[in-house]
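Chain lettering (A, B, C and D) follows the sequence in which the chains are written, and residue indices restart at 1 in each chain.
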Amino acid sequence: MLAWFSENTLLLGLAALDGLSYAATVFMVAVGLNLVFGVLRILNVAHGSLFAIGGYVAATLGLFIASHGLPAWLSLPALLLAAVLTGALLGPVIERLLLRRVENQEPVLQLLVTFALFMILEDLQKLVWGVQPVVSDAPVRLLGTVDVPFGTDVIPFTAYQLFVLPGVAVVTLLGLVWFLRRTLAGRMIVAVTEDREAARAMGIDAARVTLLTFSAGAALAALGGALASPTASLVPGVGAQTIVLSFAVVATAGLGRVEGAAVTALLIGLGRAFAVYFEPELEVVIPYIIMVAVLLVRPQGLFGVLETRRI
Amino acid sequence: MRRAGEVLLVLLAAALVLVVAWTVPWLRFVLTIALAKGLAVLGILLLLRAGQVSFGHALYLAFAAYAIAFGAARVPETLLLLPLAAIGAALLGLLVGLFVVRYREIFFGMLNLALSMVFYSLLEKFYSITHGTDGIRLPPTTFAGQVLDPETQGWAMLCLALLLSILFAVLVRIYLASPIGQALAGIKTREARLEFMGISGRRVLLSAYVLSTLMAGCGGAVLAMTTRHVTPALSYWTASGELVFIAILGGSGSVAGPFLGAVAYELTRVYAAALVADAWQMVLGAVLLLVILFAPGGLWGMGRALVGRRRQA
Amino acid sequence: MSVLLSARGLRIAFGGLKAADGIDLDVMEGEFLAIIGPNGAGKTTFINMATGYLKPQAGQITYAGRNILGMTPRQIVRLGVARSFQLPQLFTEHTVLENTALAVAAREGVWSPFAPLLRPRFRREAEEVLDRFGLLPLAGQRADGLNEGARKLADIAMAVALRPRLLLMDEPTSGVASADKMGVVETLARVLRQSGVTAVFVEHDMDVVARFADRVAVWGQGRIMALGPPEQVLNDPDVRRDVIGIGPGEASHAAA
Amino acid sequence: MTSENPGNPAGRAAGLITRRATLGAAMAGSLLLPGRQTQAQAAKPAEIKVGIATYLSGPASVFGVPGRQAAEMLFDEINEAGGIGGVRVRPIFVDEGPGVDHFVGEYRRLVQSEGVHLLFAAISSADCLACTPLADELKRPTLLWDCGTQRIFEDNRFEYSFRTQANATPEILSALLYLLRAKPDFRSIAVVNQDYAWGRDSWEIFRTGMQALKPGVRIAAELFPRFGATDYSTEITRLLALRPDVVLSTTWGGDLDAFIRQSSDRRLFERSTFVLPLAESSLERVGKALPAGHIIGARGDHWFLHPNPRDQALLARFTDNFRKRFNAYPIYPCHHMAQAVFAMKAGYEKAMAAKNGGWPTDAELAGAFRGLEFPSLTSSVRIREDGQGLENQIIGTSHHTDKYPFPVMTDMVVFPAEMVTTPVGQKSTDWLKTLKPDIVQGLPQPVAYRP
């Protein structure tokens, strides 16, 4: 009995490790979407495409580095570069050319613009990168593995999974919180998130904030994809699968809440890991179960604020 | 006078569908599918009136389709299965609706999406019953006990889809003009006022939700009996997205919009797939983008603008 | 005269602001009671509490002898308490006629999906109400196309169409051009008197108060500072200094 | 008699032609014109049109696109050689990506509008299940070129559909038999399959066979990660902790690449022997991340280094041409496509020979496929009386050599089709239960990799 229990404690520990690294990837995918939703009030369906493109760009850079005999450590900063490139190039283009034009339309039309964009990008990706899975695993190889003790046994984890993924997620979370609270641009974003009209009245240039936020969101999506690229294989359709998960996170977290995205990602990450260990059949539905459960108790999401309308 | 004109227009449209299907046999199938989806899109339109977007209505379509698939193995009678499947979908809609009508906007949309994805997973999980993604092949169904040959069966399904489309379009129009339908539109602009007038926004939305699921159920039933093969992909979130896509493409200004949109959507997809098999998604995306940017009223709005201009000229 | 609405010991605070700090107030059947007071004093909060939109942190509210505390706005309106809003709450995509007809329908019950909203009976009654407010020429216009004054009237017309026994109005004349103001209030008062409606209205225009209120309550610092007939309350030096002297009523007072 | 039958194809065709005369003129655009109807009297067409359903979008396009490339290359070759019976062949591709309801419409369009003479359908099992009855209804010969489900011909009988390759049962059973011989002492197994029909079905086959042939193996874990999953770290941790002797995974495409790579990074391959029946299609991409000593398969006997191909020159030429044109080694869907193309050619030739050179009707062509034996790139395939193809299976062990930047197979066993295929009229799950352990002794000898 005791042996069984101690074995399960160990298992729980392992599951927690897996859950943490998975939570990091979920957070990276969802936080940008959440930020964008907060400011633009658009659920950006093309977010998944930006994730995929970020991944593809990172893999392309990685393969370029490998094939030109450049030092392998370059593949790590290349991940970041891919995210910045994608965000800086595609973000402003999408925001200026498309979203700006439907700014005053009904929300469903705005959402469908991003849906149309998603369809277009999905085929564009295929034209650029083909259908064969693309991967560049230099960053994982570079950092090697770490043996985690497990009773008398050891379990090798990749250092990438154990340190880089959660590390980047934590840095992103702290960086965003700092940015939103302490910098002028960040505070403007928060102001627009909370009350667009009031922010405008205070003289905040909502158009600029929108552009900035959308580009940042795009870069975060791309960073998520870039971080996933060394382990995951990029194939057509990877964007569609990413986006449903992010949707669930955004609704669970509460709109525009960065901390909410972090907590939700943790819930989903740990929930999924425990499911794989103890009830594998539940794995796929974990995000939805968590979402429905959270919204039953808190209809505005974990960190959302109930909007009371002035009448 | 105006009513007579409308009746004439409906009859003309129905006749056009039949003529096209008769002339071009393979389009009969495509048109039947389009009308079936149009029925589900009519439900989306109803919810759009309340300013709510469901990203999970494919759930009801898939539910009815699977109900037909399981039912047809036992009693393969169209006229029995169809109402049963549709009512089943509506009952599920009532159950889910009691929960989701408490939410608005993104929460409403996402909860619907979540539930449809859970259903999708269930279809996968109960592999031994549903055969997972391989899906279930349906036996041919009878019409009032008559075994029809495939050709006649195809016509029967098209006519059935046409009848259901007209029936529900009329019903939805009556509903939208009624106080409850007007209150539904009030949810979009000023739900709080409804409460201060003694009308429950949630109950109004629930009525529309159940009606929408009934129509999605009818659509799913026709779809299943036409393709005669059901798979879980019917309830994947992109299938729900497609319904919203069609609603906007057709235009939410009229009950004719969903059917116009569905036919245009299916034809565009078929033609895009035939001309650029590699990039049909891109074509569809571009079409949608152009419609939103240049004709936010959808095809129906475009048509009306054209007619209006001609009258003015 | 009997008490229709009775509040006892109402308390509510938002953050540090005590909007109501022990309010006792009775509204008598058939009277017109005006509530005046500085901006942000909590007058609207009183309406919100009486209609179930806000729940007081302490106190009692009874209507026609029934405890209505904890009831939803929907339940309270069904008892015969209607309200209008400082910011008009119209269905902006509907016409004025439809807005009003919807109120008629709300009273009659909306659950009859087979007859249109604008069935002859509802249409006739809605038009009658609009006519009384002089809004009939605007009946076919979409509510979001109206000017502020017309919106305000339409908002009240909707409340009146509910045929309430008690009508709570939040600044019924704000936004109405001052030239029309008296005429509007005249009409309103006539309509309400005809149908025997009891009315409570929050108002800043002291002329309006003086002319139409049976009694005036002065709301300040979360309490009822004075209560009585207008000629008595409005001439109270404290009220003149604290409320009228600094309230927006001053401008209109001077203009009159 | 026949004139009273509303289903009489000739009668329908005549009726349609008059309709066409009256209305067809008004319709514009070639797509709107009705296609060729089924005909009783066959005339030699100007070209043979072949509708080919394959994945051009979505994750399964990793198979669909190489399949299409193989088709393009082989159709070109046939045309350069003068066509079939002097008639050129033309492929018309349709995408399976949008799902079954769309595909069923596309199938009808291909038959009724494009007027294709035969169809190659499909990669998705769902699409095959949906189109086989349709083939009978529209009376158009249909070759099932890649889908794996064994249900099609076990549950039904069809007149116009034929499978030009094996099905899931031989593909999985041969991997199991190979494992039983290569590692007879294994005591525990874990499975990591994609959460969809193929993943479930293939595990069902493997487990049923295993319980008959080697009862008492402990099933350590049954994991079904989401289809399209990108991260397997949790599953891998679980397997590292459980230390099963064998890890089975029928996963494919990007999912398999990711699973192999992540397992390799975390040294899972050192703890368990992997059985990967679809690994051949990922070898070039995963490279030597897949270590030596694990069991790999190719859904058939498809391997560019096949130990004893029927026609070495044919295999080498195909491999070289494909590499030259598309810069990749041909993987199993290319072989499957080649089989469909070769079956089409052989079928036409057989039907024409039976008519002394006359052009066959649809029914005659369909009839020719039953019992047809045609060459594949590595051996030959025979279509059984129930429509199922009998295709050999190759399973081998991964092996590293300097000659290739990716693992190749060694200790290759080519399983004769009859040995591993469910007999006609039986259901796989029933048949697998009747297998006796001594079947393992009768296996062909493994052949080592020859540099």
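The rule we apply is simple: a residue touches a chain if its C-beta (ideal position, glycine included) is under 8 Å from a C-beta of that chain, and two chains touch if they have at least 3 such contacts.
Quick caveat: nothing in here was measured; it's all calculated off a predicted structure.
Participant: Where the contacts of chain A and chain C overlap, which chains show up?
Facilitator: Where chain A and chain C share a partner, that partner set is B.
Participant: Which chain pair shares more contacting C-beta pairs: B-C, or A-D?
Facilitator: A-D
Participant: If I average the C-alpha coordinates per chain and also across every protein chain shown, which chain's average lies closest to the global one?
Facilitator: B
Participant: Which chain lies the greatest distance away from chain C when centres are computed from Cα atoms alone?
Facilitator: The chain farthest from chain C, judged by C-alpha centres, is D.
Participant: Based only on mean CA positions, could you tell me how far chain B sits from chain C in angstrom?
Facilitator: 44
Participant: Distance between chain B and chain D based on Cα centroids, please, to the nearest Å.
Facilitator: 35
Participant: Quick check: how many Å separate the C-alpha centres of chain C and chain D?
Facilitator: It comes to 76 Å between the two C-alpha centres.
Participant: Specify, in ascending order, the residues of chain B that touch 2 or more different other chains.
Facilitator: As it turns out, chain B has residues touching two or more other chains at 124, 192, 278, 280-281.
Participant: What are the residue numbers in chain D that touch two or more other chains?
Facilitator: Residues 56-57, 195.
Participant: Got the chain A residues that touch at least 2 other chains?
Facilitator: In chain A, residues 122-123, 126, 281, 284, 311 touch at least two other chains, as defined above.
Participant: Any idea which chain B residues touch chain D in the complex?
Facilitator: Touching chain D from chain B are residues 19, 22-27, 29-30, 33, 124, 127, 131-135, 137, 149-152, 223, 227-231, 233-234, 239, 266, 269-271, 273-274, 277-278, 280-281.
Participant: Going by the contact rule at the top, pick out the chain A residues touching chain D in the complex.
Facilitator: Spelled out, the residues of chain A in touch with chain D are 11, 14-15, 17-19, 21-22, 25, 122-123, 126, 130-133, 135, 137, 140-141, 145, 150, 153, 155-158, 161, 228, 231-238, 241, 272-273, 276-277, 280-281, 283-284.
Participant: Chain A touches which residues of chain B in the complex?
Facilitator: The touching residues are 48, 51, 53, 55, 99, 102-103, 105-107, 109-111, 113-115, 117-118, 121, 124-125, 192, 237-238, 241, 244-245, 248, 278-282, 284-286, 288-289, 292-293, 296.
Participant: Over in the complex, which chain A residues touch chain B? Could you list them?
Facilitator: 37, 43, 45, 98, 101-102, 105-109, 111-113, 115-120, 122-124, 126-127, 240, 244, 247-248, 250-251, 255, 281, 284-285, 287-289, 291-292, 295-296, 299-301, 309, 311
Participant: Can you name the residues of chain D that touch chain A in the complex?
Facilitator: Residue positions touching the partner: 56-59, 61-62, 64-65, 195, 221-226, 228, 230-231, 233-235, 237-238, 240-241, 243, 253-255, 257-258, 261-262, 265-267, 285, 289, 328.
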